[in-house]
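Quick one: this structure, given as structure tokens, is what I'll be asking you about.
In this document, chain identifiers A, B and C correspond to the written order of the chains, with residue numbering beginning at 1 in each.
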């Protein structure tokens, strides 16, 4: 169906519309437009409130090194923690999706999927509690082992944090939080693999894994990538779990298991904002603006990948 | 596609139908039993605790099964079995956080889940006692306001997208809803703060600011789910209604929405569950207080997640009482979220359009 | 009640695509008029343009005139909603409202338009409509059950009852039997014969025997090729169409040489 309006179209045939219809459709349209306004507002107000920090002289910004020097380690910490989360969560999520779609007995597959989705329902602050109280102490012996045996790699140089509240722990907590996002999307695309392809592979005498490798993974690849990007977007913006779990001190470092870690943008806002006033608030909002732009970029890319896939698989 | 389809190099000599050897059905169990035995031995040498025992068992059992399968069945089947083990272990790994989290929160939170916790605030409480009545009320008020803001806007937007929208406006709204879904919760909080601070001056902390922040997070969820559900309403029903001379808006209100009501209820409940545990936006917009405040337009309010956060991070002296309260608040949050999820399922089960006789 | 419809020089468009071209026809009151023709020839589109249902699709518009007893249905100040109240419609697949009981389905046309009515009057109307649709005896004991619990043929008769409950002047039927088994089809055909005493009925059908059985007048639609607009090739009394049509194309279609 063509969407271009025809120039030849006679303008007289405007149908009569009732008051109720006009009010109702107008209301619906206004609600939709409101969403556009809100989103524009998010950008605009963040910019307005961060302007004082952007234009301030470097000495007035916290840390006295200027805005860029203040935000840089935060961006680094944000990216590093999200990257760890992504590296851990993606393979795990794909495996879980495969398990639920192809390995688990039919009857319990759906409840199992629901259980995985429960992971997404738990509030992030509870993850923070769990990370401090359970995960971090559990990780300490493992970190000691890493330092002893793999200490020559800068990532595991140590000295090991005695509380376990390190960048790696934070990344693991994030990984668990984004696991259900990625696996949900992966499950969806795996489930959509054309049965014809799967049966063709099996008919050729392939084992189950070969069938998955030949028919399922190539088909679901872009869906998994899109899901991973969405998970990345979530991990970048995750606040409370990091604010609780990560023990912050020091600037940029790749050392994942020591007690000196850079903070993330979101966690830093949560930790600093309640006690801040004046220009400090504007600085934090400026860092929030940076986070907004980063997540916007990542999410747009993710949507683009997911939607492109949807366009191509329409024929099925 | 790849050479895996070709016959494996170490397949047995083809005599009639080529048929590789097969491991008996009990082989996997035997392998893992052997793995468990080896794990015990290994544990005796070093130190044995349940976690390392499980890890050793799984790793050793997997290796044993792979080796056995490779000898008897050939490499293709061996890899298949290996992947099966890995996939099942992955699921097991994912269950560890869920289970340990539930156990941890229950064991630390149950202690203070008492009457006082639900009936008193923190006014004048030093050390023992006190509760989260004020925080619970705050959460209910802020979440209620959020729902009041989000549901009409979200529902009307979904109606616009499904029933009226065409062309560029529809496409841009759809895109913006997608973008909004990805806004980090803390940024939503900053936006609401910046919005109100621009008009009412800096340092503003109000319940309504928190509700606006949460609405930014909730609206896209409502739009998305409502859109999906409205699309499922068959066009034939709309046509049937139009053909009876019913105007479009009445058709939507009286035919489309009642048909979709179960899905809409489920979606809205899940959206509430999504925002009820949000902490970060409330931290920067609503703040915290020890007293009960029912007025979202006047002053700070306590909310359950923020309460939990401050009780854990700034417990005071002696710390243990506040930390206990924090865990109980966390437990309450989980109960709230799980309860809402359960309600959502029940709605979709019991309010679905009745078919059959 | 039944009214006559005069269509002159009607062109129907979807966007820039001309779906139907140059239809001129007079539909007699108190009779059944059948429209036959191959798939995609525009007969359903034409039918839906009679009560302005095609306007539900964005970009749809018409040129020409449709006049019902002197009232121009496409006049500048005519509300399509009012047109549909006078010209009811029954669809290909039975579509009772799943959230409503049998009773509410029949009363839907009034209820949805917020017409206030006494309970006893409404009861009467529902019974009258269900009797009119030959369904009363089958459902009178379970009026409060969901309409979707009925069989396909019963559901279709429920839809007819729903359509006649608003007391229209004309009843349009878009392949009303194509989703039904032969016995239900027979019941609907009998019903049509009864209903034509009170209503003007226009039916689109793929089933030529059905057209021959139930209709007084038959119109044959055809198109020259894919992407071409559909046209009304011939409009004549049914007997003539099936025994001695004026047009060669009609004869070819009816004798099964194509389509």
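By our rule, contacts are C-beta pairs under 8 Å (C-beta built on N, C-alpha and C of every residue); 3 or more make two chains touch, one makes a residue touch a chain.
Treat the numbers as computed from the prediction; the structure is a model and nothing was measured.
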| item | value |
| --- | --- |
| Chain nearest the overall C-alpha centroid of the shown protein atoms | B |
| Farthest-lying chain, centroid of Cα atoms versus that of subunit C | A |
| Geometric centre distance via CA averages, subunit C-subunit A, whole Å | 54 |
| Subunit A and subunit B: spacing of chain centres that average the CA atoms, whole Å | 14 |
| Cα-centroid distance, subunit B relative to subunit C, in whole angstrom | 50 |
| Multi-partner residues of subunit B (each touching 2 or more other chains) | 166, 247, 250 |
| Residues of subunit A engaged with two or more neighbouring chains | 18 |
| Touching two or more other chains - residue numbers and ranges from subunit C | 81 |
| Residues of subunit B defined as touching subunit A within the complex | 1-2, 4-5, 51, 76-77, 79-80, 83-84, 86-88, 90-91, 93-95, 97-98, 100-101, 104-105, 108, 152-157, 159-161, 163-167, 169-170, 172-173, 175-188, 190-191, 193-195, 197-198, 202-203, 216, 219-220, 223, 247-250, 252-253, 273-274, 276-280, 283-284, 287-288, 305, 308-309, 312-313, 326-327, 330, 333-334, 337-338, 341 |
| Residues of subunit B that touch subunit C when the two form their complex | 166, 234, 236-247, 250-251, 254-255, 258-259, 261, 353-357 |
| Of all residues in subunit A, those that touch subunit B in their complex | 3, 18, 20-21, 23-25, 27-36, 38-39, 41-42, 45-46, 48-49, 91-92, 95-96, 98-100, 103-104, 112, 115-116, 118-119, 121-130, 132-135, 138, 176, 179, 204-210, 212-214, 230, 233-234, 236-240, 243-244, 266, 269-270, 273-274, 277-278, 281, 284-285, 288, 291-292, 295-296, 298-300, 302-303 |
| Subunit C residues touching subunit B - in the complex, by the definition given at the top | 51, 53, 56, 58, 81-86, 88-89, 91, 93, 95-99, 108-109, 111-114, 142, 145-146, 148-150, 159, 162-163, 166 |
